[in-house]
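There are two complexes below, and they share chain A, which is joined by chain B in the first and by chain C in the second.
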Partner chain A sequence: MKTLELGYIHIKDIIIGSESKVENGVLYVDEAALKALVLEDENLKDVSFDVAKPGESVRITPVKDVIEPRAKVEGPGGIFPGMVNKVEAVGEGKTVVLKDMAVVTAGKIVGFQEGVIDMSGPGAEYTPFSKTLNLVMVCTPADHLLAQDPDATLPIENEKKPEYEQAVRMAGLKVAAYLGDLGKNVTPDETETFSTPNLKEGIEMYPDLPRVVYVAMLQTQGLLHDTYVYGVDAKRTLSTMLWPTEIMDGAIVSGNCVSACDKNPTYIHENNPVVHELFKQHGKTLNFVGVIITNENVYLADKQRSSDWAAKLCELLGVDGAIVTQEGFGNPDTDLIMNTKKIELKGVKTTIVTDEYAGQDGKSQSLADADPLADAVVTGGNANEVIILPKMDKVIGMLDYVDVIAGGHAGSLRPDGTIEAEIQVITSATNEMGFGKLSAR
Partner chain B sequence: MVKEIERAGIPVVHMCTVTPISMTVGANRIVPTIAIPHPLGNPALSPEEEKKLRRHLVERALEALTTEVEDQTIFEVK
Partner chain C sequence: MTNNPRVRDVYGSKYCVLYQDCSFNELLFAVRDKVDKGHRLLTHPLSGSVKPNETPYKSIMISVDRGPIDFESSSLISSAITAATDKKFEKYVERQKTFNKRILEDFQLVDYCVITSAIESARTGL
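Presenting the complex of A and B:
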């Protein structure tokens, strides 16, 4: 039995000052200490911190990742293993979580698929991160990363983007781990326990319940579309298995610039809604067997191999059902269909969770690929839906890129400060793990 | 586009990496390519080797174009 207890400390306010602590639900942040931590990386020139609260007239953009601060209190390993802490298997013991808040990384664009978070107005209805207290860190790349064209204001067209992406990704994770550590000596407001039996125990405990596995597809197309598992670039991995609680300890982190609406930020991996819902049903209506992770690569042979392996693992486990979630769209739709088809052909029922690119009028084909065996689908919504976002009083980050991020177009940012764009630009609007608010019947 | 051009009576070879999508959308002659970000090239090769690769792929496509097919066919590249 693998058991992890999450201790939730609800954060009611964030105050930036000269001391770091969590007291009475308030997170105090020592700005100088955080800045020093971030600027340890010579690829970053500067970082500024700001707080965005639910309901404020604030727009954050371009958003790269969203992360929930956590720390290990008991049990092996540390949070974000292989990234911030050394590689050691996590997923058991006790972990403390700073709830109701998030660390949001922003700054000069890395790739063209970064997002917008509005803290109020119609856009706020589409992003789950309008409801969290956000500590936003706006990062500035070091001059040597911009050497090719110091006057460039639009995407950094040089070869240093991966270094910049990595710098911002690591900065966010380090800050989230630092803040999580502040919760270590605080008594959580509430706790929740997640236990996964091993295969033998599970069959003995729940002989009559259907056995269900979760197949999480990780975005690994490369060129700034990557996901890391225990520090390993997942495009260089074969499909494998995790205890569900390893994910809660930050075993999977986002390093990608897929369209904002359907990328899986680190926060959503940590709070994976499919994992949480399966735990809720575990021992009642089903037996949650574990998590298969598989990738979404750009070579057909990789797609064949990875989907073969995902299906083979389902077969080996002898499960009755599988839930498959996706990240991104376009060619990953083929990975999704290959996984689903092959798993179904092993005699395992599948349900897929995805989103749609059905055109602005919603009349086009929703996915790039399809198969009759993929007959149970949950959608996160149509990413092409157009929205008008009103002007906000304050912008954290910069509006320079609204016209060029995926879902925006020339003229998206209008002279009056409003934005006309597809909801694709909104962080997690059509999340394909079901963390967003949209769906359809 | 593949289907519309064929509808006008001109045979088409679809060169693409994700052949399952090409099958789903109904292309008749399909030549698999290298990778999604670089279908007709391979940055891991030297320019000379890459030119050879490109020529080989195009020749395979021309061969496919002049081959009668009864059904959707993938012309594997050796």
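Presenting the complex of A and C:
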């Protein structure tokens, strides 16, 4: 039996000052200490911190990642293993979580496809991160990453962009781990325990319940399309298995800036809604066996190998059902259908969680691939739906790319400060793990 | 096969690179013509999440050798063309005209990174 207790410390306010602590539900942040931590990375020249609160007239853009601060209190390993802590296996013992808040990294890495978080107005309904207190960090690249040619159109040398992406990614994780540590000596407001039996125990405990596995597809295609598992770039991995609680301890982190609406930021991995819902049903209507992770590579032989392995693992486990989630649109739809088809052909009932690009009128084919065996789908919504985002009093980050982010168009940013765009500009608006607040009846 | 000048410049001397100065969709049609002649697709013709026509650039790896028409390749490129030519992506073509050099170079970079990951796979496996 693998058991993890999550201790939730509800954060009611964030105050930036000269001391770091959590007291009476307030997170105090020592700005100088955090800055020093971030600037340990020689690829970053500066970082600024700001707080965005639910209901405020604030727009954060372009968003890179969203992370929930956590720390291990008991049990082996540290949070975000292989990234900010040693690679030791996690997923058991006790972990504290700073709830109701998030660390948001913002900054321009490339000039398109990065997200918007509105803290109020119609856009706020679409992003789960309008409901969290956000500590936003905007990272400035170091001079040696900048283009040397004074006439260059790019602020950062093309060759250096992966280094900048990595620096921003790591800065967010380090800050989240630092803040998580502040909760170590605080008594949580509430706790929740998650236990996963091993295969033998599970069959003995729940002989009559259907055995269900979760197949999590990870976006793995190159710069701004990557995911890391225990510090390993997942595109160089074979499909494998995790205890569900390893994910809660930050075993999977995002290096992803694909279209904002169907990003799986690190926060959503940590709070994976499929994992949480399966735990809720575990021992009642089903037996949650574990998590298979599989990648979404570009090379077709990789796709074949990875989907073969995901199906083979389902067969080996002898499960009755599988839930498959993906990340991205287009090319990953092929992985989604390959996985689903192959798992179904092993005699396992499969349900997909995805989103749709069905056109502004909703009449186009929703996915770029299809198969009759993929006959059970839960959708996170239509990313092409048009929305008008009103002007906000304050912008954290920069608006100069709004015309070219995915779902925007020429003239998206109107002179009066409003934005007309498809909801795919909004971070996690149609999240493909189902981490949304909206539903339709 | 690519319409990305960056991929041409970096890989042109190392691998067999067929560069065409054309649109995203025209490149898909050119790849389909190759598949019709018996070349196999080695990478997926659609991008990871950058939408068709959102990016002007695409690089697709196909086999140098030719054989009988490969059904899977044919099916995949046809589906990709169906998806990419859907009217829901037409608006992106207009938007491409507004891109400045910086944005175009960013799209080139991302496509380059995506095909580089495929080249790394191709070098270590079949």
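In this text, the second predicted complex is superposed on the first by the 424 of 441 C-alpha atoms of A that agree within 3 Å, B and C clash if a C-alpha of one lies under 4 Å from a C-alpha of the other, contacts with A are read in each partner's own complex, and residues count from 1 in each chain.
The criterion applied here is as follows: contacts are C-beta pairs under 8 Å (C-beta built on N, C-alpha and C of every residue); 3 or more make two chains touch, one makes a residue touch a chain.
Owing to the predicted nature of the structure, the values given are computational and were not obtained by experimental measurement.
Shared-chain residue A:Q219: touches chain C; no touch with chain B.
Annotation for chain A, partner touching more residues between chain B and chain C: C.
Look at A:T334: by the touch rule set out above, it reaches both chain B and chain C.
In the superposition on chain A, A:K161 makes contact with chain C only, while chain B stays out of contact range. Looking at the shared chain after the overlay, A:K303 reaches both chain B and chain C.
When the two structures are aligned on the shared chain, A:Y357 is found in touch with chain C, with no touch to chain B. When the two complexes are overlaid on their common chain A, residue A:D369 makes contact with chain B and with chain C alike. By the touch criterion stated above, A:S259 is placed in contact with chain C alone, chain B being left untouched. Once both structures are placed on chain A, chain A residues 221-223, 298-300, 303, 331, 333-334, 368-369 are touched by chain B and, in the other complex, by chain C.
Those residues of chain B whose C-beta lies close enough to touch chain A in the complex are 17-21, 24, 32, 34-37. On chain C, the positions that touch chain A within their shared complex are 6, 41-44, 46-52, 54, 61, 76, 79-80, 82-83, 86-88, 91-92, 94-95, 97-103, 105-107, 109-110, 113-118, 121-122, 125-126.
Residues of chain A touching chain B in their complex: 221-223, 298-300, 303, 331, 333-334, 337-338, 368-371.
Residues of chain A touching chain C in their complex: 110-113, 153-154, 158, 161-162, 219-225, 235, 258-259, 262, 296-303, 327-334, 357-360, 364-365, 368-369, 384, 403-404, 406, 408-410.
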